[in-house]
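Below is one structure; the comments refer to it alone.
A, B, C and D are the chain letters, set down in written order, and residue numbers restart from 1 in every chain.
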Amino acid sequence: MAENQQLAALVDACHWIGAKGWCPATGGNMSVRAGAGQCLVSESGKDKGALRERDFLPVDITTNRVLDPRTPSAETGLHTLIYRCLPAVGAILHTHSVNATVLSRVEPGASLLLSGYEMQKSLGGVASHLDQVTVPIFDNDQDIPALATRVAARHEIAPLRHGFLVRGHGLYCWGRDVLEARRHLEGLEFLFQCELQRRLLEAR
Amino acid sequence: MAENQQLAALVDACHWIGAKGWCPATGGNMSVRAGAGQCLVSESGKDKGALRERDFLPVDITTNRVLDPRTPSAETGLHTLIYRCLPAVGAILHTHSVNATVLSRVEPGASLLLSGYEMQKSLGGVASHLDQVTVPIFDNDQDIPALATRVAARHEIAPLRHGFLVRGHGLYCWGRDVLEARRHLEGLEFLFQCELQRRLLEAR
Amino acid sequence: MAENQQLAALVDACHWIGAKGWCPATGGNMSVRAGAGQCLVSESGKDKGALRERDFLPVDITTNRVLDPRTPSAETGLHTLIYRCLPAVGAILHTHSVNATVLSRVEPGASLLLSGYEMQKSLGGVASHLDQVTVPIFDNDQDIPALATRVAARHEIAPLRHGFLVRGHGLYCWGRDVLEARRHLEGLEFLFQCELQRRLLEAR
Amino acid sequence: MAENQQLAALVDACHWIGAKGWCPATGGNMSVRAGAGQCLVSESGKDKGALRERDFLPVDITTNRVLDPRTPSAETGLHTLIYRCLPAVGAILHTHSVNATVLSRVEPGASLLLSGYEMQKSLGGVASHLDQVTVPIFDNDQDIPALATRVAARHEIAPLRHGFLVRGHGLYCWGRDVLEARRHLEGLEFLFQCELQRRLLEAR
């Protein structure tokens, strides 16, 4: 079944993310869209590099209602928002890498603008290094509904595309399936590392 | 038995620390609290990535007396001090990472102050990126009793929380059990790496 | 058969490159020269760290005609150009490392000049750290025939030797066989990392 | 037999060095002291991460005569010099790390001076972070006998201790046996990485 295949692919992606060091100390959370208007979200407080299929909980995308006695990630409301805003999205990965954390702090603006990189083409719909890729940056907030409201408001003005950063916190990115979400994560993390190095060198 | 389980968990943590490169060249030392007012401290001079359960020696927490013919870590007096100061602590990890070594040298003050990082929440009792996390920094000393006296004096004024740095030397951190000590180590090392990168970039 | 051995060696090299992180997010492409004026080029869009022998497609070196229903890398025209310009070349590796991407952007000139490094001797025909190694840098272009024309024009004036950079994109390098191409890649990537670090430090 | 055990330990050390990335692209060379005034030196041009016991060739320490039809490392004359200068040395490791290469270039003086690091104590005979560790730096030379003469001349004035750097080239270090040489290598590489980071940060 496609849904089970996506969950298995997500568990594989979590192990790969753990090996990359992008979810230290139980940080991060992940999900896939499931049938019947639901998504499956990782349980709170687990080591993301050691997740198994049974560590994902069903959540209603419209109501945020958790259809399980366990507690999903505290940031579930951002996952359901993304599934509501972007009907084509099938999988969401939220990671806490050093590069995403630092770059979102040292960039004072409301967006990270990337251009001139061939690897921008790893992002769906980007065909040239001459395109400008805009990664929105939202100030961090422990009030997830308030943060979700700000994300939704910006999406109304400028639709979300591949992902966004939360300042000092990490990256949310996604794709139509786990494979594309994983390529977007790998491409964006590569671009963040390049951009940090470039800024250090060009500051000379 | 809980004590045996903690020792097994500590040996696992040592192998993970070795793979991370946080205890090069036999540096570092680790312990768990045991029954009867004792703790088990790693033997001196061993490769921390290859420790086995029999490489830990019983030491009396109150008297620092070593209950074994072998020699425990030269820094055993800091482990017993922490167990005396903080009765809830069950495990202590002392590592020598590049980031902890360098950050404790380039920060001239008596504390490293961290704020604005979501990952601060990996530390027990920290609920928001808006909190300020204070990691004390002590000047290094080859006289461990003298260093322990300075640590104890500061604890009287401002209680130790998750860990402290020794300048140019490394990090001591702990938790109520090995699992929490390991999460604190991973969280603090992540924050140190972010803070070093941030300082490099914001110096532009 | 020599050709099959080279393809097997190339598949090994691809796995090694994947483990190094030099081809993230399906970036990069590789080839070996085959018999009858052909080369075998990696299929488009595949994860380079997981390539198998059947993922390489025969292409005519003179005409760029693809002798297979599948689509080879979009940059096939650069591979065939190199095989036409340099008859001794038997294998080509094109990678997307962070260091190659960033260094080719921060260096504004048409070449990266390297000297003073012992490891320059890992490049065929370089006998001393006192030699100056010139790595051409070409501005990136989504029009591969146009880019190939610029590469060919420069080769007329100053023959290509071990490899060239495409700005913000990555490295092309090669050798008389896969073993030499792999040594050139490893040597050049080492030199790029040294050069980035040196520039950061000497900018103080 | 002790000699065989040392050779086996050296082969293990080579594999560990390969995994660390400290001998890329066939760089570096290693040896152990053997009986009858000989040492066993790694063969020229081999991948140091894949060496086997049979890849080491006997060389007479006094005369530099190679007792084998194969060709040992081009830098054999530095190995035999060290065995002549320091009779207690049993094993020598010469590596090409990025940090050793870059630090020896950005430090303009004839020595790298290290102090304030606890990890200095990983070096035999260093008891305190307050000690100053002097790592000599020699300008690189393709004429190995000439380089050896300069090393010997400096040793007459200030005896060699744990290792020395060759500028833009790499590190030679040693110990009374392979175990100590390996601890010195790991300790020095750690110190080089710290020192590079410290210099970047303190340049702000």
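Following the convention adopted for this analysis, a residue touches a chain if its C-beta (ideal position, glycine included) is under 8 Å from a C-beta of that chain, and two chains touch if they have at least 3 such contacts.
All of these numbers come straight from a predicted model, not from anything done at the bench.
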| item | value |
| --- | --- |
| From chain A, the most remote chain by mean C-alpha position | D |
| Copies chain A and chain B touch via same or different residues, half shared test | different |
| Chain C onto chain D, rotation angle from CA fit, given as a multiple of 5 degrees | 90 |
| Separation of mean Cα positions, chain D and chain B [Å, integer] | 32 |
| Averaged-CA centre spacing for the pair chain D and chain A, given as whole angstrom | 46 |
| Contacts with 2+ other chains: residues of chain A | 200 |
| Graph class of chain-chain contacts, one of line, ring, star, complete, other | ring |
| All touching chain pairs, where touch follows the definition stated at the start | A-B, A-C, B-D, C-D |
| Complex contacts: residues of chain D adjacent to chain C | 24-27, 96, 98-99, 101-102, 105-106, 140, 142, 166-170, 196, 199-200, 203 |
| Touching residues (chain side chain C, partner chain D) in the complex | 116-119, 122, 127-130, 183, 186-187, 189-190, 193-194, 197-198, 200-204 |
